[in-house]
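Right, one structure below, let's go through it.
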Amino acid sequence: MIPLSWYILLSAGLFTIGVIGVLTRRNVFIVLMSIELMLNAANINLVAFSHYLQTLTGQIFVIFVITVAAAEAAVALAIIILLARNRGSIYVDDFNIMKG
Amino acid sequence: MLRYALIPLLPFAGFLIAGLFGKFLKERAAYFAIAGVVGAFALSVLAFFDVLGGTIINENLYSWISIGKLSVNVGLQIDQLTVVMLLVVTTLSSLIHIYSVGYMHGDKGFARFFSYLALFTFFMLVLVMANSFLLMFVGWEGVGLCSYLLIGFWYEKKTASDAGIKAFVVNRVGDFGFLLGMLLIFATYGTLNFSEVFKAVADPAANFNYLLFGSEISVITVISLLLFVGAMGKSAQLPLYVWLPDAMEGPTPVSALIHAATMVTAGVFMVARCAPIFSLSPSAMNVVAIVGGLTAVFAATIGLVQNDIKRVIAYSTISQLGYMFLGLGVGAFSAGIFHLTTHAFFKGLLFLASGSVIHALSGEQDMRKMGALKSKIKITHAVFIIGSLALAGIFPFAGFFSKDEILWSAYNASSLGRGLWVLGVAAAFMTAFYSFRLIYLTFYGKSRMDHEAEHHVHESPKVMTIPLMVLAFFSVVIGWIGVPGAIISHANLFGDFLAPLFPHAEHAVAAESHWFELGMMVFSVVVALAGIRGAYAWYVLNPSWPAYWAEKYKGAYTLLLSKYKVDEVYNYIFVDGLVHKLAKVLYTIGDVKIIDGAVNGLAQAISSTSQQSRKIQTGYVQQYAFTMGLGLVVLVGLYYVLN
Amino acid sequence: MSSPIQEILKSMTPLAPEIIVIAGGLLVLILDFFTDKQYKGYLGWFSLGCLSLAAVASHGMVGTTSSVFSGTFLIDPFSTYFKFVFYSACGLGILVSINYLKDENIYRGEYYALMLFATSGMMLMASAGDLITLYLGLELMALSIYVLAGFMRGSNRSNEAAIKYLLLGAFSSGIMLYGMSLLYGITGTTNLGAILQFLHTADLANPVLMLAMIMLVVSFGFKVAAAPFHMWVPDVYEGAPTSVTAFMSAGPKVAGFAVLLRVFLYALQPLHGQSTAILAGLAVLTMAVGNIMALSQTNIKRMLAYSSIAHAGYALVGLAAGGPDGAASVMLYVCIYALMNMGAFGVVIMLRKAGERGEDISDFAGLGKTNKTAAFLMLIFMFSLTGIPPTAGFIGKFYIFQSAVQSGLVWLAVVGVLLSSISAYFYLRVIMVMYMKEPVGSFEISRAPSLALALAVSASFVLYIGILPSQLLDFAKASIAGLM
Amino acid sequence: MVHKLIFLYFAAVILISAVLTVTRKNPIHSVMYMLLLFFHIAGVFVLLNAEFLAAVQLIVYAGAILILYLFVVMLLSVDREVTALRANRFWPWLIGFGVLIAGELGLLILQGRFPADAGHPMRAESASGVGALGMELYTNYLVPFEVASIILLVGLVGAVMLAKKKTNE
Amino acid sequence: MLELIPNQLGYPLLSLLIFIPVIGSFILLFVRNAAAVRWIAVGVAAIDLALCLPLLTGFDTTTANMQFGENLPWITAWGINYKLGVDGISVLFVALSALLTVISIMVSWTAIQDRVREFMIALLFLEAAMIGVFTSLDLFLFYIFWEAMLIPMYLLIGIWGGPNRLYAAIKFFLYTLVGSVLMLIAIMSIYFAAGKTFDVLAIMNHQFTYAFQMLAFAAFFAAFAVKVPMFPVHTWLPDAHVEAPTAGSIILAGILIKMGAYGFLRFSLPFFPDAALAWTPAIMVLSVIAIIYGAYMAFAQTDFKKLIAYSSVSHMGFVTLGIFALNSQGLEGGILQMLNHGVSTGALFLAVGVIYERTHTRVIAEYGGIAARVPVYATFLLIITFSSIGLPGTNGFIGEFAILLGAFLHFKPYAVIASLGIILGAGYMLWLYQRVALGKITNPHNEHLADMNLREVAAALPLVVLVFFIGLYPNAAFQMVHVSASNLLQHVNAKVQHVPAMAQAVGSLLGK
């Protein structure tokens, strides 16, 4: 039987990788994907818990997370397109007119 | 009661009218002022007879200040001492008012002058009639105010307004002592009313000793000394005399009234009034006597060489005031007051006369530019002689009696009496010398005036000369009210009149020493005559001497001429050093740099922090995200550390 | 014997306000097709109508408490109170927008729809009884606002604001999700009430529990702009269209506090010991950062952004204080803050004319001469933000710090008031510029009735509450019922 | 035992592909690795008896979202990526920072106590969870469900509004 | 213990005093014509002043209780009431506020040409706040008014002030704000420590622990010391005074800086007697420093207003010296001195305003010899000068003497050093007068100065009258104060529980 903590550690790892991606990569797509990684980490947690707790709530939560992720991705990509159009760049560190 | 209240109020009314409506009244303003003062004089005479009839008044008009156990009333006390002062003040004041009509004629501040003069009279009367220290203090500072106003009367003259400020501030230094004295009196006896305080002082239980600098000092001594500091300021004693010579910047009638006859004697009056306190503290009395004696000689020496006619008289005033304190100090209170009275007349006379001279010379005050005026202004010359004889103390002029009484009681006074007597005699000699030096320089010898000035010389109008003559008359006779027992026994009316007020120190003298006393009188007269003769020898017989001796003892001469450089020293130490320079330093360093510097510095620090921290906001998303992550890590880390 | 459908329909009634608002949004989307560009403004008024309808609906629920769908959705005085705040925030937001959009030539009905959706999201957050509802409400709000922030498609600043907000928002919700998942794992439920029940018995020393809590703090802190999770605020506020900024500074922040209160003073109440320490620390940091950084700003939107950070800090003080008074003080404060901040932004919008005009503080120069009314209103709002009586701002701050003192956090209160007196400097600078500088070239300002209405409402609110706060205060105190 | 091995396989692949996703220079490659990652996550879901979710993961995530990504990535010029820098200049430190996070998470999790740790075997009836899931979704979680629809709508509206070419303005 | 005597008059006197100006300023909002604005403003202020008549005549000098009381529930949730009342300590200052407001409106008649309406509104609003401060008997209400004062004052300085007005205004605002927020925290703590009440009278009867007293007193001190201003926190005053318009300076010097001292009397002493006792030596020393230091500062000034500002520091030093002498002479002297300083310094600033309006300079060197041109003005200035020097017969003397007496009875050295301040005072004031009025006219601009006109004389006259009236019949004022002051002292002595070490030291000094 697989100990619960394995799953959690796995998700923790995934989460960390996601965070690192968000913090390091310049390409806005990859930043977004890293965020997706973080979400997936959470999903793994939720499903694992729901399995071990024998409640479906976790799975339900995951469904919603995925839905939201979809909507978010849509908006995000739209904005990116806008930026690429106006600013001709998809690198997050080019977007800093406003500072201070 | 109202009758007495009117004594000060009439001059006050005169002041109000002359002051408020001066613009319309022009020179008519004088009449109101004079009316007020003369009215006061009349009432004073009545008051005098009341007192003579044995009615001593001490009544409260209304409650002035009452906080907790502090309760001060506005009230009048009219006893022998008061009426004497009343008469002196009102008489002199009236005469000088009248005199001023002529002297100030045509001055653009004519009305203002009379209003001030009347106001002064009011305050002076308050001073002498007060029945409590605090009310006396009102008059005390009030006369100071008027002196300030009148010294600086010609305010466009810088020197005049400077002198005014000097007078006021130096007096404030004295008042500082007076004030503390009052505070201590209240703290000790719980009242400020004269009669109550004197009653309390009398009972030993109320008194205790301070341990100051390892020596026991009775509270009474402390009080007396503090009060005497006040007297020093007002009566121009060492070391606070410096303001009086400068006060001569004021119009001459002012010098006569305020700086010779009345205000400057307030200190003497105050010490006499407080005789019950002073007489309980021998050490304080000694201080008074010594200060008086020293001042008498000190001022006289300066008087010897001055060239400004008014300054000579001013220094002689200081020295005469010293005489009075000498008298008080040796316990001869009534003698002191007696000298105050006579001095008021002949010194007033001298000032007015010198005023008349100045008037005649259209403003010239330097004796080196005078001479040979005898024939030109006869009346002035005559009264001047009388005044000087009185001042020199030649029998039978007023000064003789009073001065002699003081010397005599000094001689008989305690151990240091003899020393004081010597001082007195020395002062007497010098007095005689410089007053006749003044006369010879002014009226005799050959004229040193420029022709144009000489051309204008004229005798003053009646309105000025008549008061002169009145005063001259008094300068002759006023002394006779205090003939010492040695000449005619029991003829010292003045002394007897004041006797009930004072502890009888001088009457301790044994009666059989009359011959000795007479001898002393003769001696002092001889000294005075010697002084006069000396002056004659120097300034009439061979006028080259002064220059010669001045050359011979240049150092001494210049030192005297420059009044021992006291003013310079004071200016350097106090005015410039302790006030202005220190103030500048404190302001620029203390306030601007340190305090405000700290405040603004803090503001600066915050705003620069703000400027710096703007750099943190780089505008890079990932840096923002990192900061969030950092927050997370730190929080978790903290939790981890804490557990 | 009624069918499940009827059951569902019956349990739908408490959702009436949300349904109205959402339906309104949908209608706006539809109507948008049939309105010409010059009439788009009416869509705004229409959405205002929807809001007031919803308000009427919620008004019927004042004081009532019920929980439907097995506790995923709660109606209690707490949520109702916040809904009213949201209505007013959104209403004012719309009022200040109507004319602004014209000036910016944005003629899109979606704008109002999105505002309504965002509002409905906030309402869900306020009455969420379950982490899932909470999450969805939050995302609904967030998404709508991402879009609104980027609404000026032409403007680089607007795009940048949108992407920054979106990336960081997503990042923070990633963290939040992870925290929620852990919480779920420990407590075995996502229902807030159940979590509370569980924690009453559970051992609180569980490190993962703490981890979950911290993650929630971070993500909610992000929403309310608490330092150090605040850094998006200045940039996004500056870049977003001013009307959206106004709405953003009021709505989401308040919603964030609603959630914070619900989670930390209700669900995680047993952990209050630990959370207080954290929140107090964040409060100090937030107040310091907000007030100090605002000092050196020259762009008024940025300045107000930092000021809004500082105000989040004050509110956190109340949160750290906890207890019924702490909660009530936060509720009172956020309400007051929302309205006065709206007012301030309203004036900024009023000045908004061709180009970047009205963004720089120096543009206010001499407003006291050229337009007395606008200047006077700004003066009221600035003093209120400073917290000088007799304005509402003072009442709010007073209650916050008072509750801090009450729960023994005197040091926190002292720090708070000292930092807030720094704030006087930059608020007064605006007044100074308006009244004590000479005008530089006159520029006419928009006098749209909608804007005037918005300003009138918020100004009179600020003054009224400043002088007679009792009603609102009692309302707030009564509304913590659902929480405690 | 077998389960463990399977899990370890999935975990390994997930982590590796995650790392690759984050590190690849070319976003298209990243998308590909992400796809791989999603498949294995779906596998993990299956391990956890969440077949339905596994399906959703594949259909929605892999099938919809990733494809969307792919489109946009291709839509926007990819070639520039070859020349441009991959990461910002702080990346080494940031990786260290990430390790720190991982460490903290790991520590806390290992110390953490989960009521579920007992690890009961999944009972048979709830294995066919889909029905129950549906029931839950449409009763207790009806509100979130409806809200989700609105969220999708907002996403739609937003995407359209933002991304479409300038028209009437 | 003190109670609130409900207002016996048919009308709510105190509320009227507070709200008539508010209403007036509201009316002004709708008046465009500047002349009309001036007349309405002065009319409103005059009505307020007239209302002080029933206040002073109806005031019962035999009771220490709060009179003309009004008490309405306001914020019930916090137990806050709209509670007003006056006693001997406050009644005089209500009247003074009303008087000075009228005067400042009159002196601003022609001086203010720019934005007259806003100016008058600010002034009236300020009046309302000031009267509120003096009459409110609820800490919360008091704090509202206390802070509300800042708004109009800030605007007065900042909008109608001199060249460096911005700096001065913000300095004034921040200084006072920082001080008062600390007090705010203290007020909150009191609220809980005293059993959830803001009622001043109730709190007076509450016995706080010693530690609490020390802290709370410190917090209150921060607020009041800045307002007074006491020695090291005084630097805002010169700047504010110099830059403020005449009206502002008059109000600032006349009323605002009195509120610090008032706060000590109304709150610090009765609330925290132990702490007060413990703090007394420190405060006395600071006061003495302020007296001497302020005088020295005055010597160093070249700016007319700045000089007077520093003289205020010196004079307020006397006030605190008297109050913390904690005996009837000192206390009542202090209160009277507050009144005097209000009158005299108010008049001095009026004088500055009059001359500034003509010459548009405050640099003393620019004047000189103007007495020849403007005799009336010179006379007025002379009178005020001597009043602030403390010449017997003027108001200044009474206050200073009583204070010095109190200090002397408390601990002699304080009084001795403080008396030096009197000498210095004479020095700088006379020097000032000389540089302004005496001598020859140095500055050609002053050749054709116009003397005070009727309006200005009318504005100055009441102050001059007060100078002499108080000087000659101070009991008129003392009668008002007596009962309250002695009650305050009894109250303090009764409440003192354990005498702390510092106070014991002072006590032994008092013994001898």
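The letters A, B, C, D and E name the chains in turn, as written, and every chain counts its residues from 1.
Just so we're on the same page, a contact is a pair of C-beta atoms (placed from the backbone, for glycine too) under 8 Å apart; a residue touches a chain by one contact, two chains touch by 3 or more.
Please read these numbers as outputs of a predicted model, since none were measured by experiment.
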{"item": "Chains touching both chain B and chain C, listed by label", "value": "A, D, E"}
{"item": "Farthest-lying chain, centroid of Cα atoms versus that of chain D", "value": "B"}
{"item": "Per-chain CA centroid nearest to the all-protein CA mean", "value": "E"}
{"item": "Contact-richer chain pair [A-D vs C-E]", "value": "A-D"}
{"item": "Centre distance in Å when chain A and chain B are each reduced to the mean of their C-alpha atoms", "value": "98"}
{"item": "Centre-to-centre distance between chain D and chain C (centres being mean Cα positions), rounded to whole Å", "value": "31"}
{"item": "Inter-centroid spacing, chain E versus chain B (mean Cα positions, whole Å)", "value": "37"}
{"item": "Whole-Å separation of chain centres (CA-atom averages), chain B against chain D", "value": "104"}
{"item": "Shared interface positions of chain A, touching two or more other chains", "value": "4, 8, 15, 18-19, 22-24, 31-32, 43, 48-50, 53, 57, 60, 64, 68, 71-72, 75, 79-80, 82, 92-93, 95-100"}
{"item": "Residues within chain D bordering two or more other chains", "value": "88, 94, 97, 101, 105, 107-109, 112, 114-116, 141, 144, 148, 151, 154-155, 158, 161-162"}
{"item": "Chain B: positions in contact with at least two other chains", "value": "614, 617, 619-622, 625-626, 629-630, 632, 636, 640"}
{"item": "Every chain pair meeting the contact rule", "value": "A-B, A-C, A-D, B-C, B-D, B-E, C-D, C-E"}
{"item": "Of all residues in chain B, those that touch chain D in their complex", "value": "620, 622, 626, 629-630, 632-633, 636-637, 640"}
{"item": "Partner chain D, residues of chain C touching it in the complex", "value": "4, 8, 15, 22, 25-26, 29, 37, 69-70, 72-73, 105-108, 110, 113-114, 117, 120-121, 124, 130, 132-133, 136-137, 139-140, 143-144, 146-147, 150-151, 153-154, 162, 185-186, 188, 203, 206-211"}
{"item": "Of all residues in chain A, those that touch chain C in their complex", "value": "4, 8, 11, 15, 18, 22, 28, 31-32, 35, 38-39, 41-43, 45-46, 48-50, 53, 55, 57-58, 60-61, 64-65, 68, 71-72, 75-76, 79-80, 82-83, 86-87, 92, 95-100"}
{"item": "Sites on chain C touched by chain A in the complex", "value": "131-132, 135-136, 139, 143, 146-147, 150, 153-154, 156-157, 159-164, 166-167, 170-171, 174-175, 177-178, 180-182, 184-185, 188-190, 234-235, 238-239, 297, 302"}
{"item": "Chain E to chain B touching residues, read off their complex", "value": "171, 174-175, 232, 234-235, 293, 296-301, 327-329, 332-333, 369, 371-372, 386, 391-393, 397-398, 401-402, 404-405, 408-409, 412, 415-416, 419-420, 422-424, 426-427, 430-431, 434, 437-440, 472-475, 478, 482, 486"}
